[in-house]
Amino acid sequence: MISLALIGYGHWGRHLARNLTDVPGARLAMVSDIRSEQLAAARERFPRVSTTADPAQVFADPSVDAVAIATPLSSHYPLAHAALLAGKHVLVEKPMTANSEEGARLTELAARRRLVLMVNHVYAYAEPVRALRALLRDGTIGKPYYYDSVRINLGRFQPDIDALWDLATHDLAILDRLFEEPPSAVSAVGAAHLSPAHMSIAYLTLFYPDRLLAHVHVNWLSPVKVRRIILGGSEGFAVIDELDRAEQVKIFDRLMASELDKNATGDSRFDNRLGEMRSPKLPTVEPLSTAVRHFARCIEDGTAPLTDGNAGLRVVRLLEMASRSLAASGRPVELSSVPPW
Amino acid sequence: MISLALIGYGHWGRHLARNLTDVPGARLAMVSDIRSEQLAAARERFPRVSTTADPAQVFADPSVDAVAIATPLSSHYPLAHAALLAGKHVLVEKPMTANSEEGARLTELAARRRLVLMVNHVYAYAEPVRALRALLRDGTIGKPYYYDSVRINLGRFQPDIDALWDLATHDLAILDRLFEEPPSAVSAVGAAHLSPAHMSIAYLTLFYPDRLLAHVHVNWLSPVKVRRIILGGSEGFAVIDELDRAEQVKIFDRLMASELDKNATGDSRFDNRLGEMRSPKLPTVEPLSTAVRHFARCIEDGTAPLTDGNAGLRVVRLLEMASRSLAASGRPVELSSVPPW
Amino acid sequence: MISLALIGYGHWGRHLARNLTDVPGARLAMVSDIRSEQLAAARERFPRVSTTADPAQVFADPSVDAVAIATPLSSHYPLAHAALLAGKHVLVEKPMTANSEEGARLTELAARRRLVLMVNHVYAYAEPVRALRALLRDGTIGKPYYYDSVRINLGRFQPDIDALWDLATHDLAILDRLFEEPPSAVSAVGAAHLSPAHMSIAYLTLFYPDRLLAHVHVNWLSPVKVRRIILGGSEGFAVIDELDRAEQVKIFDRLMASELDKNATGDSRFDNRLGEMRSPKLPTVEPLSTAVRHFARCIEDGTAPLTDGNAGLRVVRLLEMASRSLAASGRPVELSSVPPW
Amino acid sequence: MISLALIGYGHWGRHLARNLTDVPGARLAMVSDIRSEQLAAARERFPRVSTTADPAQVFADPSVDAVAIATPLSSHYPLAHAALLAGKHVLVEKPMTANSEEGARLTELAARRRLVLMVNHVYAYAEPVRALRALLRDGTIGKPYYYDSVRINLGRFQPDIDALWDLATHDLAILDRLFEEPPSAVSAVGAAHLSPAHMSIAYLTLFYPDRLLAHVHVNWLSPVKVRRIILGGSEGFAVIDELDRAEQVKIFDRLMASELDKNATGDSRFDNRLGEMRSPKLPTVEPLSTAVRHFARCIEDGTAPLTDGNAGLRVVRLLEMASRSLAASGRPVELSSVPPW
């Protein structure tokens, strides 16, 4: 039986706690938060779990095997570092750290201590993303052309990160699962409308080899909510629309070259859809549940998580490159200009 | 009675012809097209209109007052130039010319000859765009923050222009109407997936003074059709969804600063919508009809069109800057680096 | 070459004319309308077609082979009757006649004269309806359970028919194609809100053998437009949404009995969708074009149309039964209470 | 401090419990359920609440002031009756009872004992329904023409009620709040496709004075989920779409008579929408929370609930009339044919 502790019982921490109490072979033993009213809420909800305002008590407790960290970004590194030093396995929220130096240090420490370090890239465990990955692997999409994601709504303004680090992280985590190779360069533009330090809108482009383009639009100040990913390729298309509960994934049959040829020279019109569309039945499981069970299994089996420290570090590096490009009005930042990964 | 001639009777030319025959105080007298089957179709549809395969006959005919040009882009300049030289007023399809040198020359020629030169930026005459302009002027939007446009579908591959020049032109024409000042810089990224010379997907960013950002996503290879513009500002939002016939324009009440403040520090969530939404009743008039009537009125009154040669030239210059940035993976191109306008 | 005449050049007549001019092996030779401005519009649009205000000239013209009738309902019978007497094939708009006596007489006359009498049940020729029929035939739907149609919008108030006769006719024509057997009884309710003689809203139920139920909601005074048919059966479902251009037909996999059983006793929830959904690629052809070509082929081949006079009569009889039930607040009217068909 | 007990800790009981624990001036003291695993779940979730398998213990406990009943329909009457006899205030789930005799007896008993008897017609407390009621009262809708509700999805098959009693109850409760007068007659049709005793689809019509029509479509076997109410009147329209989170209520400006007149005789088309549409900002409060707080306030103040026993009885009587009409294929059942209310 793995004994789990949770540090950070805010909005997301509550979701984590609910899922952590439902992992076979594990139990949530401890919750830590510096806010006393949050601890009271945790006790009310989980009367058998012990609580503490001091995370050091978590690390000092020899009965705790693993720690989940759901605190503001700036504290990810010190808390995860202390947990690893204390010999605990770590599940840390995304982005893993506030910069890549911290990320690299965590990754090295976990490797040296032979501890599981998992970043909670929760979308990597979502069924629609797993379906997309399968469609790329089985040839349905063909050679990938583009990945276009829109992730906008009237959102929470996070205290210590901006819309890019908050929302684009999801897409970088998904892209890390979809494509083998890293992007060769990144370009980003954006603006901070309400508070100077916080980009509230950003557009991120990743240039992959062989003309594959990924583009992400994140926006905290949109009057409409959109959560839609389009994946286009030589043989077909897939669309994830998170807000369409009934048809989250749609797959469109491949493009017929002959229609394209006719069109390239003539005056005729494409039809709006190509071939049959189908929407597969996906398992209805909460991605966070899949993620925390994966974490427990990795601890039991001593295997590396799909979203290990290296994956977390790759995402943080791309976020850093994006922020750098954004400060330079979209000037592309080459992967070769940053330390190797 | 203004006597009009139309050069180019393709897909769009047919729409033009239908509207040109319905302008009070004007009549469509002549249609020219190099394709004989198109001329036959024009005769079938408009039996009283004379037809010719040679545009020179249009220019030579002293009874023709004005010429509408709906041909492939590369021929815009020679045809419009010849028409102006022959003393005809000109309505030319967008983009006005294939480059800004040609555009500048046309504009100068029209000014010298005191002829009306109008670019058919048809969106500038669309009711939803006029509504947006009014919302900016009357303070409903407040200080504008961003303009975000998505213009994607499985489209026609045009023979001599790419998706950027084909589709983003609409947004540049709209932006030219919405905002007084030009953007200070442009960044664009894209990819040519099916034919090397044709960007089939492109993302265009325009940097305006005071942190106003405009972004345009155009795509000829999207499995879903989207035509949506979001305008965000300090006091409110407006959304144009062209495909929502019943509610093309939605206006959202202003953002309340207090909610933002609470959110910036706390853990609470914004509601998905702010204040009341309303969707005004707009006149149901075809934008092309408004445009061609405006052209006729400008000829009668000797006034400059809203979308005159200078507007056409501004749009072409931005397209050139975008193409330049696109070739450099998003490196921003400053307005100050191109000749003044 | 079949020579066609059209009587009635109103809104729908113009659509008919456009399609009648595009039938291989046939030509539109004559247009008749009592309104001189409509005849002028017809001449403007089709300069080679002769026009007349007097339908008697159509019937008297020996060169005319067939007549299409698109006039108000009350004149369907006298015009179609005169046309058949004059030896012309007849395509008459739906509903075929204002009552079943007239319908029966037309059907008999056409049979006696061996002339084609086709009712323009245009939905019977629509690709989505053909797809539904195929899904019933091939077992995808299984035993049919229900047909539910919603056909509402803010509509034209027709001068001489109400919403029931105007809109429900479409569904009765579709049902006539989908199911072999007639309904055993009809129940209808409704109300006339704006003009006493005109039901502006009506709900029609048809009871078929073996618990198959069809229900149709028609409404001329709805603020939202809906055109949706749901077909439910023991093995699957199909939905036609006319306003969803991209996905007009959706087919849902069959219901799993085991889930039902579990649910009948327990507290668990069904998932919102069952199995995979697919949306087939349908030919993009205008149903009216298919219909008029079918009419021409039946004349050439001497075969009976899919929607012949008998089909038209069946639909009129059901409309009469519905109106009778409606006047009695939904009291069911048995098929056995009306003359046999 | 009101001490509350809950009988029935199933799916809906859990929602009730969550809200009952959040009522100012009240506390959830006891939970009863005959299923031991449900009691265990209740203890886990609410460790301070006592539990019992025997409802008699609830009634016998003098510290319990009020009882909420969320059990299968057949047990509503015996449990509520026993609770009232024991001097407890009662909140009973809808429908109040399985027949009107039971309902009348409960109502009388509560009146005699001067206890609060509230039926949990939760929609009566929903913000969109309150908005609709206000629009009727303030003249925005004008004279009401029709109420059309579609409440369909692939649903749970309830053990002891059918789709009519399960789902149409919501609309009857809403109608009871919207309109002063009762309907004069009811007509219903339906079919039981999966289990003979369970109507899985039903259509219910209520005839109100002065041509006001209400129609409700309920369906447990629909592949698509719809929850939409349209309210039409002489001055305007309102639409509640429960599944459109951002715009639950839309209000459409009044119909212009002149357009109608023109249309009644001519061939012109209505526009799809009339005047401006607006979607008001509604408080985001869970209806169930409003309902249980209302119950507590009625106990404190000794006032009658909006949805008291009489309202519950009116709804049950209409359900009985509907079932009677349904068994007779839609034959209308007059209100005057049932005992007075």
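We just call them A, B, C and D in the order they show up, numbering each chain from 1.
In the analysis below, contacts are C-beta pairs under 8 Å (C-beta built on N, C-alpha and C of every residue); 3 or more make two chains touch, one makes a residue touch a chain.
Given the structure is predicted, the values throughout are model-derived calculations rather than measurements.
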**OP:** Weigh A-B against B-C on C-beta contact pairs and write down the one with more.
**Re:** A-B
Original post:
Counting only C-alpha atoms to place each centre, which chain is farthest from subunit B?
Top reply: D
Subject >> For subunit A paired with subunit C, centre-to-centre distance based on mean C-alpha positions, whole Å >> reply: 52
**OP:** Find the geometric centre of each of subunit B and subunit C from their Cα atoms only, then give the gap between the two centres in Å, rounded to an integer.
**Re:** 42
Subject >> Junction residues of subunit C, two or more chains touched >> reply: 224-225, 246, 271-274, 277
**OP:** In the complex, go through subunit A and note every residue touching subunit C.
**Re:** 245-247, 253, 271-281, 284
Original post:
For subunit B, which residues count as touching subunit A in their complex?
Top reply: 10-11, 145-146, 148, 150, 153-157, 159, 185, 187, 189-195, 200-201, 203, 205, 207, 211-213, 215, 217, 219, 221-225, 230, 232, 234, 237, 239, 250, 252, 255, 260, 263-265, 267-274, 277, 325, 328-332
Subject >> In the complex, subunit C residues that touch subunit B >> reply: 47, 224-225, 246
